[in-house]
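There are two complexes below, and they share chain A, which is joined by chain B in the first and by chain C in the second.
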Partner chain A sequence: MDSISYYLQTVLNGILAGCIYALFAMGLTLIYGVLNFVNFAHGELIMWGAYFLFLFMGEPFGLPLYAAIFPALALTGCLGLAMDYSVFRPIRRANRLTLLIAAMGLSVFLRNAAQFFWGAEVRTYGLEVTAGMRFFGLYITAPQMAIIAVTLLCVAAVYLLFFKSRLGKSMRALSDNLDLARISGIDTKRAILAAWVISAVLAAVGGILLALDTNLSPEMGVINLIKAFAATLIGGVGNLWGALLGGMLIGLAENLGVLFISPGYKDAVAFVIMVIILLARPYVIIGERSD
Partner chain B sequence: MKKLALLVAVIAVLAFAAAPSARAAETIKIGAAFALSGSIAVYGEGFKKCIDLAVEEINAKGGIKGKKIEIVYEDNKSNPKDCVTAVRKLITVDKVPVIFGPAGSSNFMATAPVAQENKVVLISAQGAAVGLTKAGEYIFRVFPSDTLQGPHLAKLAMSKGYKKVPVMYVNNDWGLGLKNAFVDAYKKMGGTVTDIIAYDEKKTDYRTELLRASKGNPPAIVNLTYINEGAVQFKQAFEMGIKTQWLCGSAARAPKMVELAGKAAEGVIGTYPSVPQNTKQYQAFKEAYKKKYGDDKIPIFGDYNYDMVYVTARAIERGGYTADGIRKALPQAAKGFKGVTGDKTFDSERSPKFAEYGIWVVKDGKIEDYKK
Partner chain C sequence: MLRLEATDIYAGYGKIEVLHGASIRAAAGEIICIIGPNGSGKSTLLKTVFGLIKPTRGTVSFDGRDISRLDPEQKVPLGIAFIPQGRNVFPSLTVRENLEMGGTVLGSEKAVRLAIEEAVETYPLLKRKIRDRAGNLSGGEKQILSLARADMIKPGLILMDEPSIGLSPKMIDEVYLKIQEINRRGTTFAIVEQNARKALSIAHRGYVLDLGQTRLEDTGAGLLDNEEVKKLYLGG
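Right after this comes the complex of A and B.
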């Protein structure tokens, strides 16, 4: 491999990682925007989405991949709704710390539940490993092309939904000011439910793509969530474009970083970026929003 | 007066409540701080199966001097912090004099000083890190140290004609210890290490690390990796068209790794402390395992865990059921004891004195012994 394609391959690796982070970050930022808290159980939606696909592809369903995706996404959407109904709705008006702790507790519960059903061992969908295709000296596999294509599709779909539909408008109104939205006669309940479904489906899409590209494990969500969180912070919390941009930036920064510093510090790149932003904008986790 | 009656009643109730635990003391309790959840629970579940098998066998033959062995499992959640919590709980609440320690050298080494301070025996059945037992005289292992493995891996690289290699390793006590042992021995044999790449555990994406290791298309890359990490890495290397001879240590040698990586793991070779499988001890173990669990896929390090139970039981029988008794009796109990994994005699570092190393290779989706 010559040195130009060596760097280009690294950039591609960064984009792939970035796509996954961006999908996670978009869901995270959406819930933050609408409900004004960081859903630390988002990682478990990612993981359960991937495991739901595993469920439908295995016995007794035995569906092929393309058919199993739809019930898996639907079930993850339902899980999102169930999370809201059972945990977050009763404490909708509670302060942020309560919501944060509830989300963390839910995260641990869902992770252990997955481990109870599927065990702690790492699994795969059992698809054949294939060598990547070669374009201009770069290797890319089918799941990786899917990652890029699906991310673009999701971004487009979310854009249309958010800026071109009534539902999206009501979600944005909610995000700006909950009480004002309510007074203006916006169906806030419907908008909140929609936000949960979209956030959960985005998480499932990301989780499935990640699992297709690597493996499934009960820890897969929580490990990547911190990166997604950093991505939302970079992009400005509640900002969808920001989430996309933040995800890409972190993916690229940590991969390009590996070429120059010891890869042992790969995670540090994301954390350093996150810490700097938290220092600059601490209200994201602890304080009130400026509005 | 009424108060006094109440007090008597309370004491009576407490005394009754305490009675079952007095009965329970008639079993021989051994603690086990194992990874039952978290990232290396893959290993923990397999260890537990083999420990349970050995305990069942010993109990079926009448236990230790008529007392049955009971293992108190405590989940260590696969991270050093919770390992310490688990070991502390076993020491202070369950009050066991001997504990089977956590897998993962970093995890084990975090708990060793705690056991040493509390004068409780701690044994490892899979810790290979060089300084694993250095915390003190209460810390033992039935698994050979990497001080012995490093030179074997270096010899393997040289014998295949690889005089220049980059080295990748998982950034923890085990990876670092083996990396140092390998690099020292390899340089002494005249080899050159072109790059050293440390990486973190539990990642899902190692593409750029792999890319860096493959810079200049080296004919071989030494990768001291684990099961999950190895599977992800070989898969991603395969997808990126990296063609090289992977040379690994013992921790990646698991059917699970091959199952996860599929054909991408084909041709990977590595060293491991080999257990001769033609001994009658091994055959009996394999047979018993198959009978209890219905398959003959012996979990990685399962045989060492099995031996650990027997060595410990022998020490309790000789030295009595106290930490000091076990500690003093362990060397004699193990001396010349031929377990499933061979002669378990301890050296002065409380590690196995003898170890054979073999070479493993992935061939047609199976792990086999490498034949030249």
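Right after this comes the complex of A and C.
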């Protein structure tokens, strides 16, 4: 492989990773904007989404991939609602530190629950591996093409929902100013439920795409949550397009970083970015400042 | 039957009681204004009327109906709008989207669209900025937008907290002209205001609130002429 196509391949890998992070980050920033806390259990929605697909593709259901996706997404949406109902709604008015700790506890619980049902080992969907295709010297597999296509689809759906539908606009209004939304007569409870479903479905879509491209493990949510969180920080709290951009930047930075440092340190790139941003704006986690 | 009647209201925040028996009333089509020193409970009274704070004692009624225990979400469909002090637009939404949010309780898309068309006729300033993000508007433009947003549902009563805060004198005049214009169409206003002189000059009636109780009640002109009010609230 000549060097130009090597660089292009690295950029492509960065975009692929970026797509996944962007899907995670958009869901995370949505809840952050609407409910004003970082849902550190978002990674578990990613992981459970991927495992729900595994569930429906395996015995006793044995559904093919395209059919198993729908119940998997629906169940993840329900899991998002259940998270809110059982953990976050009772402590809606608590301070952010309480919410943060509750989210971390929920995350540990859900991770262990997955391990209980499916074991700790790495699994795959057992799909036949097909040879990748070559475009202009770039190598891309079918799951990777799916990543790009589905991400574009999701971004279009997010745009239509949040900028064209009234429900979506009311969620943005809520994210801007909860009290003013209530005062205006917006059904804030319904908007919050919708935000949970959308956040969970985006997480599941990303988790499934990631698992199709690589594999599943109960730990897959945790590391990706950190990447999504870094992307959210880059994009600004509650900013959907910022999260999209942030995800892309993290994906590209990680993969281009490999040109200079050992791939073993790939994950460090997102951490470094995150640490730098948190040093500059520490209030995003604990929430001293209202912005 | 009065449009608004708040009688003997006791309310506060947690254990701290701010209002100790305040009463106000407004007939349909009136502008009433509530003045008083900082901490007298003016804003608390407005929030209690709107349901953001529940009174521990006393009643709030609207067109003869007891609404003391209703939540704000239940009061908006009855035709009561509240414009809070400061931060009263959705900054990341466009002007048009802000108006849409104000029209939430109108129901159908068509009713909302018609109300927006009417709003841009009434508020030409907003027509030019309809696609701008509300966060980019000037302070005065934001105040006009918040009025237009509240006016979307053609409410029977608008509660307004400190409309003149942070505005230039020219912009204050403009906001008050709009208030009078909306009022002439039949909307009742209850305005809480630091800028007592301006508010009393357009109010049909005014109240002086002090230490959580209603101290004085008179016509707007009457309060402007009152020696005590002049000395304490109008700067001599």
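Note that the second predicted complex is superposed on the first by the 287 of 291 C-alpha atoms of A that agree within 3 Å, B and C clash if a C-alpha of one lies under 4 Å from a C-alpha of the other, contacts with A are read in each partner's own complex, and residues count from 1 in each chain.
We take it that a contact is a pair of C-beta atoms (placed from the backbone, for glycine too) under 8 Å apart; a residue touches a chain by one contact, two chains touch by 3 or more.
In this text, all values refer to a predicted model and were calculated from it rather than measured experimentally.
Using the contact criterion defined above for the overlaid structures, shared-chain residue A:G132 touches chain B, although it does not reach chain C. Once the two complexes are laid over each other on the shared chain, residue contacts for A:I183 go to chain C alone; chain B is not touched. Ranking chain B and chain C by residues of chain A touched puts B first. Legend: residue contacts after superposition of the two complexes on their common chain; A:A173 is shown touching chain C, with no touch to chain B.
Of the two partner chains, chain B is the only one touched by A:A120; chain C is not. On the side of chain A, the complex with chain C involves touching residues 166, 169-170, 172-173, 175-177, 179-188. Of all residues in chain C, those touching chain A in their complex are 50, 52, 72-73, 76-77, 82, 84, 87-93, 97, 100-102, 104-105, 109, 149, 153. Chain A makes touch with chain B in their complex at residues 1, 6, 9-10, 13-14, 16-17, 112, 115, 119-124, 128-132, 134, 139, 141, 144, 210, 213-215, 217-220, 223-224, 255-256, 258-259, 262-264, 266-267. For chain B in complex with chain A, the residues that touch the partner chain are 36-39, 41-42, 44-45, 171, 197-200, 202-205, 207-209, 211-212, 214-215, 217, 227-228, 231-232, 235-236, 238-241, 256, 259-264.
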